[in-house]
């Protein structure tokens, strides 16, 4: 029996966007309520998904997907070229499950966060809901084409959401965002095409190859056509490098730009800073995860051998991102920019975790993504609160806010400390797992050298440094704001804002205290993933 | 004997074409072109294309030259009737053309074309007529339509330029 | 007796080219109606009826006709259906230039020539058809009857004349090498190869391949937008179809080196078109260079073996995108003036739906989902990769890489239209939106999306039959 | 003593090249048209030369069509030149500067 | 059952804090009640812990089990922590009676107590680290309690950062320890095989310990942390948190290499010496105590290093009481002065004096605690300190190197300094006459203030731990700490004797210096260069704050410049270069196409040929370029075929 819950989850916001077509631009409240309702339904459905989820489903990565939906979408005969087959193929496993839940949650919160929007409300929410659809679609697609479609679709609404509702340099930021990520996705496109042509099943009837974009086939080396350029034993090279390695690097770069890695990260601070608060939230909490998820699901799963070969360098990329992002964050005087750089720094752990090829590392990277989803969402909302009131977010323009805004400061403290990796809060667990993976390896078989772990830990130190400094400068000390006109606006969090923050804070605390909730559902998939990728024995 | 004529016409073509390059007077150019085209017609006869030669004389020398003359007349400005036009890029043009000629020579003339000899057949007009109505009937129709198009378009365009 | 039989056979063949016949007859009648001073609206209606007729009466009979000078295969059948439809679309443009029945007559004669181009299997017919399209095009370019229009027509004419002469020279060499003017008798030789490139330069001229593309910007800038839309689709695609036929039927004329050379030209075309488009501020010029780049994408599809369906798909998408883009541009034009990007500033806030349409065509031209443009590029790169793999040719790989990079770069200039539309300050420009014009825009945009979701939708209209 | 075919070819090529040269160097549009005519004739000579040994005389047939086409082209050219002359008062190609190229 | 009891002990303080936060008006009372229950439970628990472990295990991550466990030594410390915390809570009711944010204060304090207890209970390296960090975090929160003053905020940040540096290094050590095949349970740790990685692990762990216990070179954060409310200083920065390092050292004792232990001992004695020296030059009443704490912690660390770990742990216990007592006394003094003499700075000892008559209970308690600290017989400090020194001596004897005797001898010397600065403080604060502006004479009345001090003072009396004041067996201690702490050796008597002598000398010296000579000369000494140098902690703190931190910041700014100066422009350059490339095609038009014309022009002019006028020939140059293109193709063809 096929359940259509995944489709429902994906298309629910889209349905909402269509519903919005029937609204008048002036019925702002109605528009907001519709957006909220549809995203809430999506959230409920994805929570429902957790209930039906089987923890130990399947014994191989390729068979571990649940709630699978598979229909033929495009089947186009192209002469001797064979037929062009694209499936509508969805499925969820432990890795994507929580990302889906996270994205539906953040979507709801984003709607709440944009509640005060006044201009172009209908277009905004339509784009917003489309964005949500495409993000969730990415996490659930099991067909490379479908994935790519959603991956690209993210760009368009994002482009306009930044460019139309953003800050003063919004157009620059949106163009930059678009071009950077497009370059990345074009690299992915090439590899996708190559993979498509290399993977196939022999049709028994008329003895032609049936190619498909099925990701599961691509992950399985048996499906590669013998002698094709990307098969395991391919001898084709591109400028002296084996073609498989080149393809992996292209995929890696494509996803890593989104993640982002240094030095392809400069789109991120600009985009984050210029985007409106809810959009920054989506950007940080979900869009970066697309890159990470792509690395897990696609780059590493399809080219495990190449990934293993480059594991060390990937970890170095991660370390670089951690240190570099941290140092940059330290130097910023715009709060939002600082947070944007801290995102870069945190995403570095994902790369290290992946590069370690251990269950701990991979699980840590995945956990880091989810935890960062919560934390960064909260961080950007924090900036949003300040920006809402004063239209300003320079660190040096504020001091001693804790006196005037105790509730807000409480949230800030909690989230900042979560972000700097205080144990007991969500940020710590991912980092712990990743570092466990690194140090485990370095002592056992020397996959990643110790210094990677050491430098990564230094990164944590830098994180602590800039967060504490910021707390000291902005929230402690004597109360002072630069402009006198801001004084009457400096009010503590209102009901709506508490409503937004509460789930995030709860999530941060619960994930930090008892990460097993998530890791239990994820663990099986991660083990299968590592078994598939690293040919490492599954931990008993 | 036929070779003498061949060289004669060839020389004529050569001379008239070269003079055409260097002349600055459009009227002279038109006459030189006429000379050139007539010699080409002669050349055609040698290569067993007498019908085409006739056509060449009729349409080219008769039609096109008159068109060109019309063009010259309609667009001249100087009162004394001499139309002097300048040229430019001579050096460069020579360079390019020389390169082209050399290349064509290298690629075409020096390549093996195989032994052929020029057939001397009679009844060509009949043959051409038949082929016009069978093999190339469509081409025949097409060029008829083309002439119509050109006629309509050109007359309309000319009318507009007169009136507007 | 033999002649009589041949004549009778030929007479029967006229049924096969019924759409062309309908077009020719129709346009002559249109001329007569014009002379009878029928109101222009009815002439327009009549033209539409004729075009529809030629669309509907396209014969699905395959084979060689007229003593093998005409070939009817799937491609030419598709084109006889498609090109009239596109012309019909152009017909629906809001006229901003001088109106007369001659205009429609010339439009239809370009179409007629294009259809013959597609159907020809003989160099003579092909040459005639190209000349027919060209002459009518020269005249159409000048139909603005202002300085720019005349200048464009002059340049177009001179350049076209030269290239047609070059082409004829090539044909003469080809003829010399093979003693025949039929495509399928052409064989490889040094003479033939030389002739081929002279000959191709004519076709490349029509399809605007580097280095024969130079007429494009001037002509597109000078001619009125509807004419440009027409030029960039109908005769150009017909040219590609002719190229396709030439490449497919000239057995053994090609050796790998020639293929590489042509591929190289395609790559150059892409690079040149993209780079040139980057610095344009006039939208029409920008689109024209974009069209040049697209030519570079289509060319390898004509060249490579077994790419018919992809060629078909790409061509369809290309036509829809281009018509949509030019139609969109024309919507904003004031009489006799060319549009610059800044004229569109801030319109997106006032007309969001138009803005969405601008996004759709821009994204399609770049080649991003969810538009047919993406599928077209996907198919194209797929087949390119397949060729790269099967013959391990670096040219194909370069082609892919250049194509990808050019797509990325083209984003920059195509997206400037929606960018100006939405992000620039409103300068309170006023445009009048013609309802029917807008309807067609929406329809075309929808088609683009539909072609993404169901790319095989055209197979329903034109069932695919692979020629042997 | 040259082979007649080669000689014909040389003459054809010569005419063609002369046409190209004229097209390049002359400033006047009518002159350029004359150059194009020469190019066409060059090609035609080739056709005829090759057709001389072809019993099907396709080259000659083509030549006939080309001559007609050349006439048609001159007509079109004349019409356009008249337009140009009306707007620019000259047929000097270098004075066409309204377009960017 | 025991599991639940443990959980109660752990969570009650936190619960108390939360309750206090919920009911701000009665916050102090509520949380004190919760703490008293905790203390009772901890005492009850201690009563039946018989050297065995009470484990409570749970799976925190999949396949990753962590657990709590308590043996007798940790049970004792649990009791210690809850007891002192309880007393501090009580004292805080008095101390913070005028503050508007008591609710927040008790929440933080409860949270701290909870984390500290968790630290003591946890039996897993990672779990321990979690609480370790939480302790640091709550310390930060408490230091910045009065955050309106930016000085406090900075102090808190520096304290946390210094801790964080050490903690993260510790974290690495723990992870490496885990990675080397351990399951992470502390109770099942064994000695590591000796190799490079074990050394690395040891060093990492050591640095973590040094950081938390404010040892050289990390000690600078502790004096800064004195800006916290004084009860907090008493609890955290004297009794509990700083002792966590010593506790960890005790727990992981087995992991360290022997020669590393020597280093630990040396670092301990260095810290003890430096701390004492600096304390001797201080004038701030709390900072003296802070440096004294550093010095005493140095003792403990040294004790661990020399192998007298049980004695060191015992010193931790005794030190907790008397140092907390001292701090509370200081708090009492400061509070009194802040009310009675609001015009004055309340912490400068030079401005105090003669408070004995106003604060009699405080004075006597202070005296007892001081006696314990300097190590006079009959007081608790004496027992533990002598134990450590004896351990040090016997360690020095056992080792072959003669240099090792430097350690116990220095320790003896430190006794003298300790006695000196404590005596000085006593004299400056309580004896003589008041040197401030003016003092309202209001006697100290609140029992809620006096009771905790008294309890702490009483618990600093030696008789609770050992009946014999000088030597002998130690029945109570044996029972509590579960180990034999009597140190055998012929060194015992002379050592104890000399120690007592030195202490008395020190006290006498301070009395001689401060009572006889009057304050003027003292002031002149205070302003002398040596004094300032020492008082500023040898400018170690300055070194960090002026050189290390700014250079790090400088680095950060430079790095951020990479983004704005290098990377961003680089990618912009790429896009620009594409545009430039398009310009190049444009130039091709202009230079090659048009430029050729001018080339021709110049050529022509040079040749003086018939060209008179040369116009730009755009149209025809297009022919040329197309034909050149064709020619290039043909050339290719010619070459290839």
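Order as written gives the chain letters A, B, C, D and E; numbering starts at 1 within each chain.
By our rule, a residue touches a chain if its C-beta (ideal position, glycine included) is under 8 Å from a C-beta of that chain, and two chains touch if they have at least 3 such contacts.
Not measured: the values here are computed from a predicted model.
> What is the minimum number of touch steps required to go from chain B to chain C?
Steps on the shortest route: 1.
> Trace the shortest chain of touching neighbours from chain A to chain B and give its length in steps.
2
> Name the most central chain, where centre means the mean of Cα atoms.
The most central chain, going by mean C-alpha position, is A.
> Select the chain at the greatest separation from chain D, using centres from the mean of Cα atoms.
Most remote chain from chain D, centroid-wise, comes out as E.
> Among the chains, which one keeps its Cα centre farthest from the Cα centre of chain C?
For chain C, the chain whose C-alpha mean is farthest off is E.
> Approximately how many whole Å separate the CA-defined centres of chain B and chain D?
6
> Rounded to the nearest whole Å, what is the centre-to-centre distance of chain D and chain E, using the mean of the C-alpha atoms as each centre?
Taking the mean C-alpha position of each chain, the two centres sit 95 Å apart.
> In whole angstrom, what separates the CA-based centres of chain B and chain E?
101
> Take the average of all CA coordinates in chain A, do the same for chain C, and state the distance between these two points in whole angstrom.
Going by mean C-alpha positions, chain A sits 43 Å from chain C.
> At least two other chains touched by the same residue of chain A: list those residues.
Residues 179.
> Pull out every residue in chain D that's touching 2 or more other chains.
Touching at least two other chains: 9, 16, 20, 23-25, 27, 32-33, 44, 49, 51, 53-54, 61, 65, 69, 72, 76-77, 79-81, 83, 86, 92-94, 96, 101.
> Could you say which residues in chain E touch two or more other chains, in rising order?
Expected reply: 575, 615, 617, 619-620, 622-624, 627-628, 634, 637.
> Pull out all the chain pairs that touch, please.
After working through each pair, the chains in contact turn out to be A-C, A-E, B-C, B-D, B-E, C-D, C-E, D-E.
> Please name which positions on chain B make contact with chain D in the complex.
Residue positions touching the partner: 3, 6-7, 10, 13-14, 17-18, 20-21, 26, 29-30, 33, 36-37, 40, 43-44, 46-49, 51-52, 55-56, 59-60, 63-64, 67-68, 70-72, 74-75, 77, 85-90, 92-94, 96-97, 100-101, 104-105, 108-109, 113, 116-119, 121, 124, 127-128, 131-132, 136, 139, 143, 146-147, 150-151, 153-155, 157-158, 160-162, 164.
> Enumerate the contact residues on chain E facing chain B in the complex.
Its residues touching chain B are 596-597, 600, 603-604, 611, 613-615, 617, 620-621, 624, 627-628, 631, 634-635, 637-638.
> For the complex, give me every residue of chain C touching chain D.
123-124, 127-128, 131, 135, 138-139, 142, 145-148, 150-155, 157-158, 161-162, 164-166, 168-169, 171-173, 175-176, 179-181, 214, 217-218, 221-222, 282, 285
> Using the touch definition from the top, list the residues of chain B that touch chain C in their complex.
Interface residues on chain B, with respect to chain C: 104, 107-108, 111, 113, 130, 133-139, 142-143, 145-146, 148-150, 152-154, 156-157, 160-161, 164.
> Using the touch definition from the top, list the residues of chain D that touch chain E in their complex.
Interface residues on the chain D side: 20, 23-25, 27, 32, 92-94, 96-97, 101.
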